[in-house]
Every structure is written in C-alpha cells, then in structure tokens.
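After the structure tokens below, expect a handful of questions from me.
Note that the chains are named A, B, C and D in the order they appear, and that numbering of residues resets to 1 at the start of each chain.
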C-alpha cells in the first residue's frame, strides 16, 4: 500500500447516528433492499480521471493539488495505479472506470501509447485479481490532445477519424481484457465550434459510421458488455451532437443502432441540457436505451460542468425511483464522475467526497425502494391513465379508428371532457415522506 | 375597409435611404435575388393570434390593448377578420396563418365551435379571392382551454385525445379548403408538469399514434401541403416532448414518420432550447426535415418566450444562409410569430413591427445570397472536408474497412495527424462583409 | 364558515410517522427549538393573491380554477375573505398578506378603489379579532393595471407617480390599521422594456424619492413595522431595478435609506437572479438589510417565476441556517408566495400545498438548529479566519498600515502563504447529517 | 522585428468595398466622427494575456497553440514582448494592457517576481518610446496561482491579503511608471466556492479596506489614472462579489469610494450576469461610475466566459450609443479582452480576430454617432419624460410634497392617467436604419 492515504482505514458503515466523518452513515453494502444487496443495486464505480489526473486547474488558475504521481512517466503511472487501488479498496467500491490516457502517458506514436496503456492494464489485471475490484467501463480520451481539437469521429480530416478508430479499438481490447461490463463513448469534441466551417450532415454520417464500427468490433471480439454513449449538450464544444438522451436516440435510430447502444447519463450533463436528472433517466427508459449513470451534481447557478459530488437526497431519490421502476441496472452502475473542489487539497478530501456521494445514493436507494414498496406512486399513475384500457380508447391506438371515426364518436356522444386535478403538490409531499 | 388602420396607406418600398418609418427600406417584393423574386423567397405570413387575439396581458398584468373586436361573438370575429385582411394587404404580405380558436369563438360544443370556424373560413375564402392572399398554414389551438391542461394527444384521459382528434380533423379540413400550403402542430401541452403523475412511454406512444393519424388523414383528403411540427423545449409545460429539432427527429423516426413530417422552426424556441436559430435550421436540413420558419426573436436575457420581432440582421443572415444553402423553402415560409410589446398600444405599432421584421429578413436575404454567390463559404467547407474523397477514407465509410483494417493502416503508415486552423475569426469577418 | 373547504378539518401535527396527507408531520407550532416555539421562529403567512385571485392561467392558457368568488363585486370579495380566513385557520398559520387589489375590486376612481379596500379591511379587522390571525404585511398592486404598464414610481408620466403615491399611502394606512408588521414594495414594473425609450438616471432618482416618501410617511403615521423591498431581476419587466439584494443595497445607499428599509427575499427571485436562496439571505445579513422571506421554489429548468411550494429540505435547511445565525426574524416571517400548479384543481390542493411547504420549513428549522447547536460550522468558519485577530492583520484593517508598510513586511518576512484545504466536501457531508 | 508575423504588413484602411481580409474596412483612425478622430474615440487596446499567454487549453483539452515564447524564462518573456509590440504596431492600436504575470515569469519570491516584472517594464518603456504605443491599464494577476485559490483581498488568511497588497503596490508602481491611464482590479477569486466555509461580512469588509488602500496609494504616488473594478458574476468563483455594475456601486458606496473608483465593463461578463452590454453601460453612467470597456462577446448559448471577438454591429451600436451619449471615454478605452478560438492556430488568426473586432467597433461608432446627430432618440426620451418639468411634478421630487399632499391632489383632480405607447418597435426599426 502506498502511503498517500496513510492513516486512513477502510471506510465502514456505522449507521445514521455516527458523527464520524470517515464512516458511512447510510451505505451498508450487505443490507438487502427490495431483495438485493445495496452494493448490487448501486454498483458504485470510482473514476480515474478526476481523482488522479486532474491537477485542480480551472480556466483562470493552475494546479492546486500536489500529488507525487503528477509526472509523465510510466513510473508515475504505476504509483498512480497503486494509490488508485488503495482508494478503491479504502472506499469499498466494487468498480472503477478509466480513459486510456488517464492511466498511462501518451507516447510518441499511437503504438507506443497503446503499449503504455497495455502495460498498466496488465498491472490492473493483477490488482483486480488481488482485490476483487471490477471494471465498470473503459473509454478512450479523444478530446484532450490537440489532434482532436476539431473532433475525432467527426473530424474533417479522415486521418483523425482513422487514428480515433485505432485508438478506440485498443481501448475496447483493453476493456474486454479486464472484463469490463460496458464500453463508453463521450464525444466532447464531436460537435462544432462554428457552423461556418462545418458540414453537419457529413459529420453526423461519419459519427454514425464510427458507432457502427464500434458495434461491429464488439461483436467480433465477443465483448458482451454494453456500448454506452454519454450525452452532453456542449462544453468543450459550442454544440455537441449527443446533446441529450432524446437527441442520442435520434442518432441511434438514424444509424440503425437503437438496439445495440444505450446511454450513460450524467447528472450534470442533464442539468446543462436544461433537464432534470430524472427526466433523462425516464426518457431513456421510455425509449429503451437506459444504460448507466455518471453520478455527480452541477451547481445550479454555474453554466459549466462543475462535476461536484451528489449531495441532495430528495433529488437523487427521484432519479433512483425511476431507475428502480425500470428494473435497476443490468450492466450499468453509479460511476462517480465527480471531482473535488480545487481548494480541497487534502488526501482525505478524496475519501470524504466519495463517502458523501455514496451515502447520498444509499439514502436515495432506500427512500426510492420505500416509495415503490408503498405503491402510491405507481398506483396513482396507473389510475390516471386507466381510461386507455377501454375498448374505444384501444381502437384509437391500434389503428382501428382514425380521425373520421373518432370525430364521429366525439360528435355523437357529445364528448367534452372535464379536467381532473393533477395532484402535483400531493405527490410531492409524499415523496418527502420517504426521503 | 375597416377604419382601425385609418390613415395608413399600403406600405411601399422606398429604398435604404428612406427615413419614412412607414415604408420598406429593404423589402422590395419584385426584386430578383438569385433568380427568384424576394416575395417568392421569403413567403411572408402574418399571424392571427398575436396581432388580433392577444390582449397585451402578461403573467403580472392584464389587458393593455383596446381593440373594438375584443369580444366573444361572431360579429366581433367578422370585424376582426376585416381588420386582419386590412393589415395583410397594407403590409403586402402574401400569406397568413391561424389557429382555429383565433378566428372564431369557442362554442358550447365542439360541433358549434367547428361551425363558428367554418363560417369564418368561408369569409376568409371570399377575402382571399378578393385580395389574392394565401394561407401558409392553419393549426388547432389545443393548449388554451382547460380541457387541454394536461395535454391533447398526450392527455391521460382518452376522451381528450378523441376530442383533439376531432378538432384537428376539422382544422385540417378548413386548412385544406382554403388551399393552405402546410398544416402545423404545436404541442404546448404535450409534455408534463411533473414526472410523478406521468407515464412518459404511454404519452410518447399516444403522440406518435396521433401524428400517424394526422398523416393518414392528410392522404385521405388529398391534402398536399406539408405536415409540420413546431419544436419548443418548454413553456407552458415544464417539459415539452418536441423539445428541439433533433428531438423531433427521434420522435418521427420512432413513429416511422420521418419522410412525412417536417419542422416549423421558431427562432425564439431555438433560443429557449439553448440553440442558435441557424443551428436548428442546419440540423433540420442535415436530418432532411426542414419545413418552415416562425420568424421572431427572443430576448437573450429572458427565460420565457418573448416573441419579439426580428431585428438583428447579422443573426438573421446566418439563418437565411442555411435556408438558401438547403435550396430555400418549398411549401414553407417566414411566418411572423411575433407580437408587439404590451406597451405598444397604437394601431400603427402593428404595422411598424412587421415593417421592421420584413426589412430585416429582406436585408438578410440579400446578404445571404451574396455570401452564396461569392462562394467563399461553400468552398471553404468543401476544402476542409476534401480528404474524405480519398479512396482510403471512402473505404472507412462504405464498410470496406472496419476497426482492424483501419488500425493496421494507422500503425503501418504511422498516421499522426497535425491539426489545421479552423479559421473561425476569418470566416466571421467575412460574414460581416456581407451584412 | 364557508363550505369551500367542507370536510377539511383544521390540520394537526401527527408526527413524522403519519401517512395522513392532511396532517403535519414536522410542523408542531408549540415545539420549542433553540428556546423559541416553532410558530414564533417561522412566523408563517398565507398570501391572498395566489390562493384566491389567480385563476390558473398561464401565458398559453386561460382559467382552470373554478371558484365561487371569481367575480368583480364586493359580494364576491366578502365571500373570498370568508374562504381565505377559513383557509388560514384550517392551516393554523399565524399571519396573512395581501395586495390592495387582491382583496377588493378596482373602482372607477382611486377613491372608490380605496373605499372598497377599506371596507374589506374593516372586515379583516373583525375576522382578525375573532381568530387571532395577524397581518405580516400589506402591499399595493402597482403592476397589473394598464396604467402601470411603464412603471409606477418610475413611470415617465408624473401623474402615474402621483397616482401610485396616493395608492401606496392608502395601502400603508390600511396596513397600519390592521397592525401589519411590515409594509412591502415589489416593483414589477419599476424597470424597463427597452433602454431606447428610457431615462434610467431619472427613473432611479424618482424611485429613490418615492422610497423616501414611503419612509417619511411611515414615521408620520407612527407605523412601526418594517419597510421591505422585494428584489426580482426581471419578469414582467425586461429589467427590474431591484434586481437582487446587492443591487437593492446600492439603491438604498444612493437614497440614504439603508438604515430604514430592508429586503423581503423570495426564493424563486433569487434563483431567477442566478443566486442561491441562501446567498441572498447571507448577503442581506452581511449588508444589514435582512427583513423577511417569500418562501417558494423555482423550477431549476424554467426561466420564469414558477412560484412552487418549497419541497427540498436540504436546500431550505441552508437558508434557515443563515436566518438563525443572523438571529432569526424580527418583524419578518415566512410568507408562502407559492401557488398551486394550474392542474391542481381541488380545494384540498390549496391545503396540501401549504402543508408540504410548512413541513419542509419546519424540518429545515430543526435541522438548522441542530447545525447551530452542534457548533461545527460556526467554529470551522471562526477558525478559518482566525488569523485576522493577529495585531499585524488588524493594522492592515484599521488603517495603521497601508500598501507600503504591508509590502515592506511581506518582503522582510518573505511571506509566501501556503494554501489550506477549504474542506467543502467535508462540510457538505456534515450538512447532510442534520437534514 | 521578430519573424512570428512574417509576411504580414501593417493593416491599412481600405474602405467598405475591400475584400482583403487583412485590411480594415471601417476602422479609419483619422476619420473624424462627431468632431473627434476615430482613434481618439475608440482608444483601442490589445491585451497581453489572451494573445501571448493562453495556450489554447480549455477544461477538456490542453495546449493547441505552438508559440516560440511559451517558456518560463526571461528570454522567452523578452521574445514575447517583441512579438507583442510587432502585433500592436501591425494593428495600429494605440494602447495595450497587461497583468503582471503575463509579462514576466513568477519568481521564487515576490521580490524576484517583481524584479522580473520591472525588467520587462523597462523594456516596455523603450518600446513605447520607439513606437508611440501607450498603456491603457495594468493589473495584477491574483487568481492563477494556488496561493490565491481562496481569494486575494478576501482570503481567510491575512498573509495572502498582505501578499496581494504588496503585489498590487508593485503593479501600480509599474503602471504609473509607464504612464498607464488606468489601473484595473478584477477579482476572479474575490468571492466564494461555498458559503459553508465563508464569512461574507468579513470578506466584504476586507475587500473594501483593500480598495481604500489602492486609492490611498494612488494618491500617494501621484498616479492620475482611474482606478477601475471589472465586474463579473462568477467563474472561476461560484459567486464573485463584484457581480455586476449595480453590485459594484453598492460595494463602492459601502466603502465610501463611489467618487474614486469606476468600472471596466466587459461585454461577456454582462451577458454572464444576465444583462445586455448596453444595460451595464447605461447603469454605470446613471450611477456615475462608467470608466472603460473590455470589448468581446459571449456565445449566447454557452454558460462560461467565451471571450470571443465582437462581431455583431447592431449590438455594439447600442453600446456605443450609450457611451457617446455619456460623453465618450475619458481615461478609458476599448480593450479587446478577446481570444482566438483554440482551433485558430495560425499567426495571422491573431491579426484577423482583431481586424474584425476593430471594424465592428468602428462601424458601431459611426452608426451611433449618426443616431445622435439625427437626434430622434434623445428627443424621443426627452419628450417621454417632459411631464416631469411641470411645477407639480417638481414638487414631488424636491420634497415640497409628500404622500399626503400628493394624495390630496390625486383625489381632488381625479387623476387617472391614460397610458401611451412606448413605441419600442418604432425605435428598434430606427436603430436598424443607422446600422
């Protein structure tokens, strides 16, 4: 064990009355909720990038964190891996996630970069065997290097597309090797800075083709994980093509991939797209493409991606309710795509941020499970739409009746519907009963 | 002629040096731009609702406008029609647009409402014959009456769905009768106020079915106009299912209607969805669903639909550039979905608002046409993507090559692409040369 | 008692385990928290306008609520008063609030309007005697009528200023007569629609003078309540001069009134000004102008004033923490400036909305009190700034040292400060411990 | 001359018909507008930071620009100065601006940093003598280094306050030495990340005291330039104390400095504070604190500081109109706080960005001057407020009449004002006549 987290013992569940900041008050992995262990519901993952790669910089300031592994060498990458696994096990999270460039330095060529990644992946394999940790997902960073400044799959230069294809192939290989349960694509540069220099139709075509190749390759190598797209409306790009869940659905339909690819929904990205998190989850479930979650929160007054740890139980409860209603995760999970504030300099702050986030999710899980077990909400919704079970209603839906038959019936029966209360305040009060 | 606009003569083109506020300085209907008359490019329409129905109220204040036709009778509706046609001809706009409830009062039953509408439609027919005015589109108001408070096609009550079907049937009949060139659906209440009482999947299904019936009925009656959906992210609903162009595309694909239905893009709705207007146009064209435009502007600092007249030529120029690049309108046009500020009490203000808007569009048209004729922009984009014409690039797109072949090539050739300047400032400066 | 709320008994506290939607689960008026009864901490008020005047309309739809008192007569006004007091007593709130135009119909002249108001005020007096209810504040509606469309105190027409002065005088007289504990000014039209027709300096001068007259008149009549301004950034105006708390502070300083006038902070207005609610409270306390609160919430995805009932306990807890830290309310209180969703048609929905809001505030109160009693937060802040107690630090603040002396010391001592963790995640986790 | 801009000749005015992208089409320094040379009206400054220090990074990507001076040595700093002055003279801008840390590398101690700055300042002095260039303003960077992560003047650690004082003293000395016409303070870290660890009142007090020391020191050294605060609502901080112009006014009044300090208004910061640029200018003029301008634009769909070059003439025209109406600049000017898009890699892009921005400002200047010379706007506003010249109106303002006298008059005269059209569309159309 490295000494970065020296003095910090594995975090234990101590119950809601504990005032120990270094303990879980709600996350009790073995506690059974709706017939499943908490750990198996939540499937927490810790991410590599924010915790071990980000230096604390922002657009107006440089590095604030001082970490012994902040160096561009393989030695530093190995130290980083040691510290990362120390943190994963300290927190008792079952999963982790990475970008290829998080874990190993960029080489002079793609081949060298790939070798660097592969070496660390081997190290990960050993550490996973030792610790039992699993890989929720891997992904390729195709947004930080200047070669990708105008996109990867949507770059006007086909050589960048080719480079990206080769890079994703390797990242998929590595994810597969580690038994990753998903592979994620986030297209931070797949969009545009100005329409004036952009052929949007060509870019959408190229992006669709790239995705098809991802799916083809997945099948070729026998990767059984889920391919996930992570929607985001903008930032760094002025516009990003995978704006939100509904937009991604259209892209998938356009490429014929709606049964092959799902979404990884990030709380903060939902907010930046002017949606609630639960909206994005409910939309993905209605459209059949719900996959996984990047748990964090976005400051409601900031117009950029703040990637803070989730800390609002009632909000997370609503999201958890829709996740549970849809049957919970299959290959997905809760990855903390959350970073410390740049003033949170201490090693223990990394642990504290995750304790808080994990406890919020655990509390939300029990609240959402209670909502479902109570049954008021599902029943209310069922009752509200009950009229659609009538034969006349079904005829409108199944094609038996068209506008003419319906109009005839409306006039014949003098249909003039009287509205009923939507009971929003009643329902909101009940949510609070469970939080 | 009614005397509401007494003293206001038909508006004439007087050229850019005119300081007469009651004249066009740029809109010269017969001027030929890129081989077509300005009037035929722009296809201006004046809307009924904002000009003749809205009383000047806002959420914190009541009526400010005092109009002789503000009464709920057929007599008032006829006076309103007189004034409306006076205004259309005063402005020399070739088209107008309406909702069914704009033109005639709601009756005690749908049948009576329909009769009221039909009576005014007959009057419109006569006036159109007299004046040569044409109908750009009709639509049904399914958002103002309390029966629609929880949606029309997406209402939990199937009787409301039926009522809406019967109402749309009639509005389509009336639009068809008047030779309307499009039929529009705006789903202001097709969304939700709270997910807690909502079955989103059912609502999306019902909405899809409703749209299919619209298309079936269109073909049944031989209506050759275009069916248009007008995207809007929210307001009045907390969330509206036709959020933006990309979302509508997904809905259409889901219902198998992407070849049957197009979009009517409103400037202000684009802005409320956190897009530029030109983004929505370019997206619709890339996805093959560009139809028509609701011209207005939204205050950039206000979070609600301000529906102001367009007044920024450089912004409108970009939109016009993409419209022209895509071949211009077929059945669509520029409908002014714009309203006076509620302090603009005078009859002449109605005329002034439209003069300003029409002049802005005309100026934008000539600027955009000059951009196209100059050729710098199309050429720049073509050059930027020229690499995709190479055989190796084509193989990546046409399925000949997948990840493995591409990766082999990348490694064999040591591909490591060097980025090129995107020249955004250069391009933006050139736009300003044409404004 | 009117029969509008027939079948609804006075709401009782039943404790957190109650699942009775018509009971308080947290609001227990007599429970003592930090040495004071809950009721005396929270000082709840029910407002007249949203509950009894708003018809359920929005910018795209008309009336949804059907209330027997929706008529423009004094008889209806009296029925409305009966129902209002039924509701106040059903909820057990100690206070209520009104605008003059809420309670009585506008007359043909201001004198007649005033008489109408006075007659209802007399009725209120009787009802207050009977019930023990008190008036938290009164205010004048100077934004709904078209005469105020361009402002009241800031109208370009001095006759409107005069009319507003006369109206406010009467509203202050009435508030005074009822023993109101505050008098509020909300300047919904005190701003502009376009700078192009606006003399901002003149308008700010006139607004300052108007405020001075309010204060002069308060002293003249011996009104001992607090004069409050309610900040709002915009809506209905494009820009409102009392944008937020910090802006109001500047206006007060400019008019020499910073010791005479305080702010009434509305949650939703804070959000629309891109602030958190607790920010506005903390700012008002730092500037010495904290007065009262309009409790509600704004949908985070909607850009207009949604005036929903508060329902997020962790968010309200932070606000309550700063209120308690500043010593709590003196003449202020929690007025629910919250309205039902327009689909919430039932009489009981009015009660349910308030039960939810009151319970949220009560829960927040106990959480915030526990935070203060625990002491971690105040102590943390005190420690963080402890360095300022040193003699050298004090010399910088008290004027003993200027830039030269300080620079000499920095160079002499080689001062090069090392940053310390801000511990944000640690602190946020602790907040959740108390919620 | 360095060879970075090799092949680029000084930019000349070629007139509106020029299609040479490397020429001015509107900026003609010697052209006389309203009795003053364009150059003397606009007082353009080129900034050091965006052009010569920013590497093209964003929160999701690293360096894209490759500049020979990107190194942390004094040699590189001198090369950078050479290139900078080449660019200033190529563009023919009369002024430049810097932060201390832009121009010279940070040393091991503040003393060493100061010596580095002083050495470059001496070099600047020589170059200014040679070229005639002048310094619009200098400022100290107190936001990039980690020592300032929790603020400079508002840091909880008084040693940081002291360090900042010593740093500002030196930056003021250097600005004074170069004959700078203003000294600017931008408080990017003067705010908070979380209220939970913040004593806002103490921080506002410390900030006020710091400002007082700036003013005291200015007078002590005989600096005759203007002290300017640059408002910004947030970013990098979650909340910044100098949120907008109105907030800064309150801070200045609180510190008794409203006659000593003015504002430097940045277009993009106005937009981020949910204001129009012209609003901030008009507000500063109404409050008597208008100083200078940071010219740029913010993408209306991006929630962070995009710092693009201005390119919308109608928008800039409104700003320019208010600047001219207020008498134009005294010590202020138009500093381009604008940066290239990170994909704009070429040396010539730096020049192109500024050509575009300077031309937009020049066009706006002539349009605004024409608006003023035409006189319609000032006259319209004067007429609209003309009623305030009446004796009765004056009595309300000068204190002769209070609420009682006014109310008596309203009732006696039966005052019931009739609203007049605000004519917004008319006025907006006229603006377009001049653009």
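One rule holds for everything that comes next: contacts are C-beta pairs under 8 Å (C-beta built on N, C-alpha and C of every residue); 3 or more make two chains touch, one makes a residue touch a chain.
Which chain is which protein? Per UniProt: A, B, C, D = Xylose isomerase.
All of these numbers come straight from a predicted model, not from anything done at the bench.
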> What is the set of chains touching both subunit B (Xylose isomerase) and subunit C (Xylose isomerase)?
Replying inline: A, D
> When you check each chain against subunit C (Xylose isomerase) and subunit D (Xylose isomerase), which touch both of them?
Replying inline: A, B
> When A-B is set beside A-D, which has more C-beta pairs in contact?
Replying inline: A-B
>> Nearest whole angstrom, what separates the Cα centre of subunit A (Xylose isomerase) from the Cα centre of subunit D (Xylose isomerase)?
In response: 40
>> As a quick test, compute the distance in whole Å between the mean CA positions of subunit A (Xylose isomerase) and subunit B (Xylose isomerase).
In response: 35
> So which bits of subunit C (Xylose isomerase) are touching at least two other chains?
Replying inline: 64, 146, 149-150, 193-194, 234, 239, 274-276, 301, 341, 343, 419-420, 422-424, 428, 431
>> Show me the residue ranges of subunit A (Xylose isomerase) that touch subunit D (Xylose isomerase) in the complex, using the header's touch definition.
In response: 56, 58-64, 143-146, 148-150, 188-189, 193-194, 234-236, 238-239, 272, 299, 301-305, 341-343
> In the complex formed with subunit D (Xylose isomerase), which residues of subunit C (Xylose isomerase) make contact?
Replying inline: 109-111, 146-147, 149-150, 155-163, 165-166, 168-170, 172, 193-202, 204-206, 209, 213-214, 216-217, 220, 233-234, 239, 243-244, 246-247, 249-250, 253-254, 273-276, 278-279, 282-283, 285-287, 318, 322, 377, 380-381, 384-385, 387-388, 390, 392-393, 396-397, 402-404, 406-407, 409-411, 414-420, 422-424, 427-428, 431
> If you look only at subunit A (Xylose isomerase), which of its residues touch subunit C (Xylose isomerase) in the complex?
Replying inline: 19, 21, 25, 64, 271, 274-276, 300-301, 309, 311-315, 340-341, 343-346, 349, 352-353, 355-356, 359-360, 419-426, 428-433, 435
